[in-house]
Amino acid sequence: MSKILTLGEIMLRLATDTGIRLDHTQQFMAHYGGGEANVAISLANYGHEVKYASKVPSNPLGNAVKKHLQSYGVLVDSLIMGGERLGMYYLESGCGERGAAVVYDRAYSSFATMKELEWNFDQLFADVELIHLSGITPALSKNWQKMILELLKEAKKRSIKISFDMNYRGKLWTVLAAKQTFKEILPYVDYCSAGKLDALNFMDIPENESALNLESAADMAYYYQAMNAKYPNIQVFYSTLREVYSASHNTLQGTVWNQGELVTSKIHEINPIVDRVGGGDAFAGGILHGLLVKMKLNEMVDFATAASALKHTIHGDCNQFSIAEVKAFVAAESGKIVR
Amino acid sequence: MSKILTLGEIMLRLATDTGIRLDHTQQFMAHYGGGEANVAISLANYGHEVKYASKVPSNPLGNAVKKHLQSYGVLVDSLIMGGERLGMYYLESGCGERGAAVVYDRAYSSFATMKELEWNFDQLFADVELIHLSGITPALSKNWQKMILELLKEAKKRSIKISFDMNYRGKLWTVLAAKQTFKEILPYVDYCSAGKLDALNFMDIPENESALNLESAADMAYYYQAMNAKYPNIQVFYSTLREVYSASHNTLQGTVWNQGELVTSKIHEINPIVDRVGGGDAFAGGILHGLLVKMKLNEMVDFATAASALKHTIHGDCNQFSIAEVKAFVAAESGKIVR
Amino acid sequence: MSKILTLGEIMLRLATDTGIRLDHTQQFMAHYGGGEANVAISLANYGHEVKYASKVPSNPLGNAVKKHLQSYGVLVDSLIMGGERLGMYYLESGCGERGAAVVYDRAYSSFATMKELEWNFDQLFADVELIHLSGITPALSKNWQKMILELLKEAKKRSIKISFDMNYRGKLWTVLAAKQTFKEILPYVDYCSAGKLDALNFMDIPENESALNLESAADMAYYYQAMNAKYPNIQVFYSTLREVYSASHNTLQGTVWNQGELVTSKIHEINPIVDRVGGGDAFAGGILHGLLVKMKLNEMVDFATAASALKHTIHGDCNQFSIAEVKAFVAAESGKIVR
Amino acid sequence: MSKILTLGEIMLRLATDTGIRLDHTQQFMAHYGGGEANVAISLANYGHEVKYASKVPSNPLGNAVKKHLQSYGVLVDSLIMGGERLGMYYLESGCGERGAAVVYDRAYSSFATMKELEWNFDQLFADVELIHLSGITPALSKNWQKMILELLKEAKKRSIKISFDMNYRGKLWTVLAAKQTFKEILPYVDYCSAGKLDALNFMDIPENESALNLESAADMAYYYQAMNAKYPNIQVFYSTLREVYSASHNTLQGTVWNQGELVTSKIHEINPIVDRVGGGDAFAGGILHGLLVKMKLNEMVDFATAASALKHTIHGDCNQFSIAEVKAFVAAESGKIVR
Amino acid sequence: MSKILTLGEIMLRLATDTGIRLDHTQQFMAHYGGGEANVAISLANYGHEVKYASKVPSNPLGNAVKKHLQSYGVLVDSLIMGGERLGMYYLESGCGERGAAVVYDRAYSSFATMKELEWNFDQLFADVELIHLSGITPALSKNWQKMILELLKEAKKRSIKISFDMNYRGKLWTVLAAKQTFKEILPYVDYCSAGKLDALNFMDIPENESALNLESAADMAYYYQAMNAKYPNIQVFYSTLREVYSASHNTLQGTVWNQGELVTSKIHEINPIVDRVGGGDAFAGGILHGLLVKMKLNEMVDFATAASALKHTIHGDCNQFSIAEVKAFVAAESGKIVR
Amino acid sequence: MSKILTLGEIMLRLATDTGIRLDHTQQFMAHYGGGEANVAISLANYGHEVKYASKVPSNPLGNAVKKHLQSYGVLVDSLIMGGERLGMYYLESGCGERGAAVVYDRAYSSFATMKELEWNFDQLFADVELIHLSGITPALSKNWQKMILELLKEAKKRSIKISFDMNYRGKLWTVLAAKQTFKEILPYVDYCSAGKLDALNFMDIPENESALNLESAADMAYYYQAMNAKYPNIQVFYSTLREVYSASHNTLQGTVWNQGELVTSKIHEINPIVDRVGGGDAFAGGILHGLLVKMKLNEMVDFATAASALKHTIHGDCNQFSIAEVKAFVAAESGKIVR
């Protein structure tokens, strides 16, 4: 199978058990995750040769990140050990009407404070056919805004396919700042995870006035079409439509647009939600897998959405299911046990 | 902000994890709580100067009560350390159709066996503007039936506002006994937590025959009006309407009646319920806060019901949310996460 | 009360917590259970004198089985200690749309490798009035197919009533193999747990073409009638209709057919499900209890279905509720707490 | 094997984990135990037919007691279910120089408040050859001081051997009160667990002035001899010599005196101690087993002391080891693993 | 009792269970602590009115700090809520020969990045009679080196007694940098926690060549005397002599020097050690209590060393024992249980 | 660094917490380990390229094994997924005088039931310079006795160095059977883990009659010399001398003999022991690392013994320490913390 590179930040997540507040807990559950790392693990689970590039401190927490990635078979020879600290955040799990609360403590991390790309490009890109990046990385610093463009140019030069997840985070930068950066990035992109809000906020697409059903499939067709009109280099757009009934109950529907064709998955009922962090990355991982093995579009969206739905049922940021398990889940009746 | 006094019993609650029976468990979760203590903590969280008066044994369990209250900033200089034991109860958590089971072991407690009011009144009532009591205290003993009246008279003498939560407990006394006592108490009360059943059982209010929807807002208006007609001294009545679909799924709507005006909150979907113990106290805490800071009636009922709904999503008897958190919850969409 | 014997295999179940995968967990919850043992425990809880016959290794795991049974008052003088190992299985708990996953490791167990009935029949059957067996036992080996017939003949000879739960397990044998064995067994049976699929697969009953509602009460009447026509010796048939919305949410309705009369229970909403393993055994236990104490048919089906619904709300394979608790649950409103 | 009856109080113990204070813990470990119940379990583990008589409330805690006893095979037909509450105590585990701290909450228990012997004597004493009682029972109430004598007389009348563990508890009564009661009890006793302090405090034995080594074997010989001189009816005395280096490190040596002959066991190094509660009961259980099966005196003291040492290495009040395990421990080198 | 102020940094400690490595753990235990906060809690436990001044972020972790301090009754009106983050560190607990490992992540904390003293001095110092500071604070930044001197001058001006714990941390600054700062601080100090290494490294005291036993009492007398000769303003010096046999086994002896008089405590055997973090602060807390209530020197050193030894037996940074408990521990035999 | 292959069986270990018996526990801790896998992980931690060959079932337990190995960077391309089951064992942790108890359930495992070597030799041995095997593998079956010789011959043919750990397990085969097999194996071996008992039992070496101190260094020199005389092909012998004071307290001294030269490490005090399983493998891993990087003999024995001592302080079968950590431990004082 093909060789993929993902690059971004990975953090320690410290979470409370459901029903315990952050200021009251006597213990934390520890998980390691980050969008690009989660995608790397998904692809490794599906049998791809993937490597993950980042920078983590040379201390037990950096080692923990390494072990976490290695356990899934992700290659870590481009994981630099150095810098001051591992970014982290505290998560007070949500429940019912009460949404989760996040306290970030990610500033000054080894990755965020990088001033130049410390990798040897020939080594970093050796045999790579696809690179996956996200909009979180340029949100971390001015330096990263420059460096991400460097990476894109270098990848383009080497004819590497570029996957980009816009992943706007309002706690890290303004819509305006993001917009300026995204304008520079998007012309390089081949596959893009972007939804309606991304179209409106970052690509100057006007609202779809004819839409009867907001965020319906028809509505999404309009936005994907319009985004592709702006960036004809982007062949594939994808995103999920999520209905949030409560922190414990969501529905999820995947949508993929490939050169004019739109497909949608069935709507998954996710109730209860065990852990929704990384749900989007599991979807992206499924889509990239579909593109790499040239799945049919319908199969791809079903596979990716199923992977995302499965992710919601387990603790931790990354999808832990194999191709066979995801496919069995697509085929199974909800909640069936076999014995 | 103003100075409030709450007085009543606090107990140790020993609970099993969901899905484990009391006669099978190898461990118990420990929480400390009691209606008046819970209200005190709510008000302390909202920035009020509150003190809690009670009697607990001078042993590690009494200390635990003290630490629990102090951690929220509740003043404990009127918490008497003495007597034989701390009242307690065992809780087998409910789940779905199976309701929770409670085993009381509260007899002979330091508080229940008090024979006279051991506080110095000048000290107890110093600077106090509002006292909050409940119908559980007179249910504990003949002595407490006398002592609660003593407290009420003394408070009245000092022009302290009196808040009373009827809180009838069928495991502690009969409807008849409660009725006789409540008749003596209610003439002193300014703010009263009482619902339809209280009106029927303890105030000789006839059933509302014109009601189409039981326990609807209109129905509640009738009962509040009728109760006020009997006790014109009570300016404010409040209670929640709870629909119990299962032990894991309830809906909750708050109602407040203030000198003829009735307001109701939106209906909260609480699913799943983490811990419903103390839900009523969180509502009362919100109402008293609203009265103390002179919130508008609509805002007050929304605030108090939100506080109660939040309480259901955390372990432990007391509301652990600040004014800002409750208000954000009122404003937020269900289950939303911000990052 | 009367004396009952159940005989079958009991296993160690090692389960993960919800949301943790088998290949990721650092700990397992341990439970002991098996269909016939679970039925024995139900009946012991209801005050019957019950003994359980099986074979477990003479090691700490065998001792654990013994302690488990004894704790509920099940008699273990026919529990043989010997052989190589205790059968076991790993359970990855399901959640929402994701069903539970089971990994069996039960081959070569002390029970499954038995070559002859090692009990002294006079001792085994002393005072026994009812024996309960299941279709899992003959699925374990050719030897057990022979031995189960031996047991049936011996029981018949002693005028002992025979209860049989068909309990077909596709992971243990084929439909064809099961069919052949069941044909030999069923002529001995008095009470039989069997549903529509059993009728179709093992008794050559043709599909009910007039059925409008699949698995409705009317539909079940057809199948029970038809099975009774084939095996007029079987006076009582019973089974539950389960609607699986997800691994966390099922509905459950009990049905019993007794000499031409069909009754059904109300439909229980089970949401969330704590642990559905043993739900069928709890139903069987309730039915057998009803038959033993000669409950009315309606009461019996309500009792047995309530017992099964209750079982779903606790961890572990066996029903842990007394007659009084099951009856209170039948009478109570869903999720009600009394205090 | 022979039939034994033990009778006394059993309590719920709520303990913290090592290093967590009672007023700080968020959870408790639950164990059930009491001297006479612990002895019953020891004897059941050794294959004897034992029954335990007591009174516990008819609630889930009473059921838990029943399940606990049954799991070890102790007969519970004389365990009365009734009364108000189960006695309990809180244990803050000790560690190193810091001893454990106990908070009793045992007053008003179902057993302690018994006013008359509620058992049918013919049923209670049916087939009983040995009864085991302790000095804790008469310490509970005046009533129990009378009732224990009633029991002794009744047992004597039926030629039942009487075993008595003096077990003086300073938190329950004074030395003087105990002395008066013990004087009435001891004339009935055949086997007595009593040490040097018991001799000095309750039997007016003068201090052994010639002793060079306090609590040495020679010293014990003096006291046992002297006690026997006072109470020639007592054939067997036994007790352990414990050196407390810290809460985590004790040494333990058993001593038995049988009609003039004294034997002592080797000195066991117990380091670390997991749980010393019930260590004395495990010793008594071993001695009684030795007497019942007529072990040689040396073997008996080795067996009983080993059982007691083993008890210190596990959580919970009762000895959980079989004859074979205790004997293997006597024979093994310290800490050896076999694989 | 008198009013004390302590001021310094408090951090979140995330620790693994014994035997689990930092890069392998799936959960962390959370404790909050810092030298000056720990001393404040000790003094609050002993009944003093104490306030703690620091700066923590206005987020759930800052709230947790506040609740932690309040639960012990420490006043928090000078605890500023603001800044970016709470300092933290990861602790891999040691065991036997393997020492604990610490990973600091404390840079950029709200406290460490303070640029000026944000307190109103009149409010901060109102009624204060004693201030306690440590050498960790000036190690945090150049700013804090200035600010600590400002605090000292202001305290001196107001005739407040000054207590200083040198507490040199090699991971924060060099010996040289510390020396320069300490030279400026020490002339203000009244009570000083300093040992032999402090004398050698920071006060230019020559090695005690006549010492036969290193770190013996006689040796300490020499160093205390010499330090006092340099800084005659310091009336009281104190420190503990610790023999580290392993991470699980230390001995501890307290020493206090007061205006020429040296006293030492008995040597405590601490085995096993539950948590040694904060052991020095518990000693300091005991000494300051002794000085405040004018204990005799011998009693003071026994009390303070006992408090420190007790601290080693519980989890968490702060001493959780009352005066009565510490005194009982001084008087008790090692490991004794009373019941 | 060089490429190493280890081959053998890996099992699931299910252990109780200290102080909980196997027949009483409600949960198990899960660890995966086996001698050769543990050595592979040690070497991977030290930076070597290592692969581990074995056969595990193609199910979640097999996946767990794979993840476990991968997390440490061990190559798993020769880990065959197939067969029926994963071997396992239950461990009741020992404590003080009570040794651990092991219940094996390893028969019929995927590895033990292998009938032929299923690897492609060119792939298996590609670039391999050292192979590590143990005496447990031939103990599993007649087939493995043949197959291990096949492997040895093939390795020899390819000039691969052969390391062998005799590791006799009395629960798997007799001394006689082992002796016969070892005689065939040892002529191929270059490095051998063997102690005095191995010399006596399997190599017909006569007892060292001149020995004053049993198992002293001098004694070991005699045995190593004698073994080398029998098998001159073996250049290096190594083993540890372990003094078992209790299950919680051992001492450990390493010995290595290299072509006539004997070195011994210092004696490590291991108290308390967290988990001694895998202690010998950690020693072997250290020795092999020393040989691979050509450490001096003294340094090697110190390094390997330190690695083994460290292993005893953590849960799990494998050494989790890096070269730097082991070296720091060699250099450090016992139990020292740095901060």
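Residue numbering begins at 1 within each chain, and the chains themselves are lettered A, B, C, D, E and F in the order written.
To be clear about the criterion, contacts are C-beta pairs under 8 Å (C-beta built on N, C-alpha and C of every residue); 3 or more make two chains touch, one makes a residue touch a chain.
Note that the structure is a prediction, hence the values are computed from the model and not measured.
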Fill in: Farthest chain (mean CA position) relative to chain B
F
Practice prompt. Check A-B against B-E and say which one is joined by more contacting C-beta pairs.
Written response: A-B
Worksheet entry | B-E, D-E or C-D - pair sharing over half of the A-C contact pairs | D-E
Worksheet item: Is the contact between copies chain D and chain F built from the same residues on both sides or from different ones, judged by whether over half of the numbers are shared?
Response: different
Worksheet item: How many Å are there between the centre of chain E and the centre of chain F, using C-alpha atoms for each centre?
Response: 45
Worksheet item: Which chain A residues sit where two or more other chains touch them?
Response: 21, 23-24, 26, 67, 101, 272
Worksheet item: Among line, ring, star, complete and other, which one matches the pattern of chain touches?
Response: other
Fill in: Pairwise chain contacts, counting only pairs that touch as defined
A-B, A-C, A-E, A-F, B-C, B-D, B-E, C-D, C-F, D-E, D-F, E-F
Worksheet item: Okay, in this complex, where on chain F does chain A touch?
Response: 67-68, 70-73
Item to complete: State the interface residues of chain B toward chain A in the complex, per the touch definition above.
Response: 268-275, 309-310, 312-316, 320, 329, 332-339
Response to the item:
Within the complex, chain C is touched by chain F residues 14, 21-30, 59-61, 63-64, 67, 84-86, 90, 92, 101, 103, 105, 107-108
Discussion item. For a test of understanding, state which residues of chain E touch chain F in their complex under the given definition.
Written reply: 18-21, 23-24, 94-102, 104, 169-171, 244-250, 272, 276
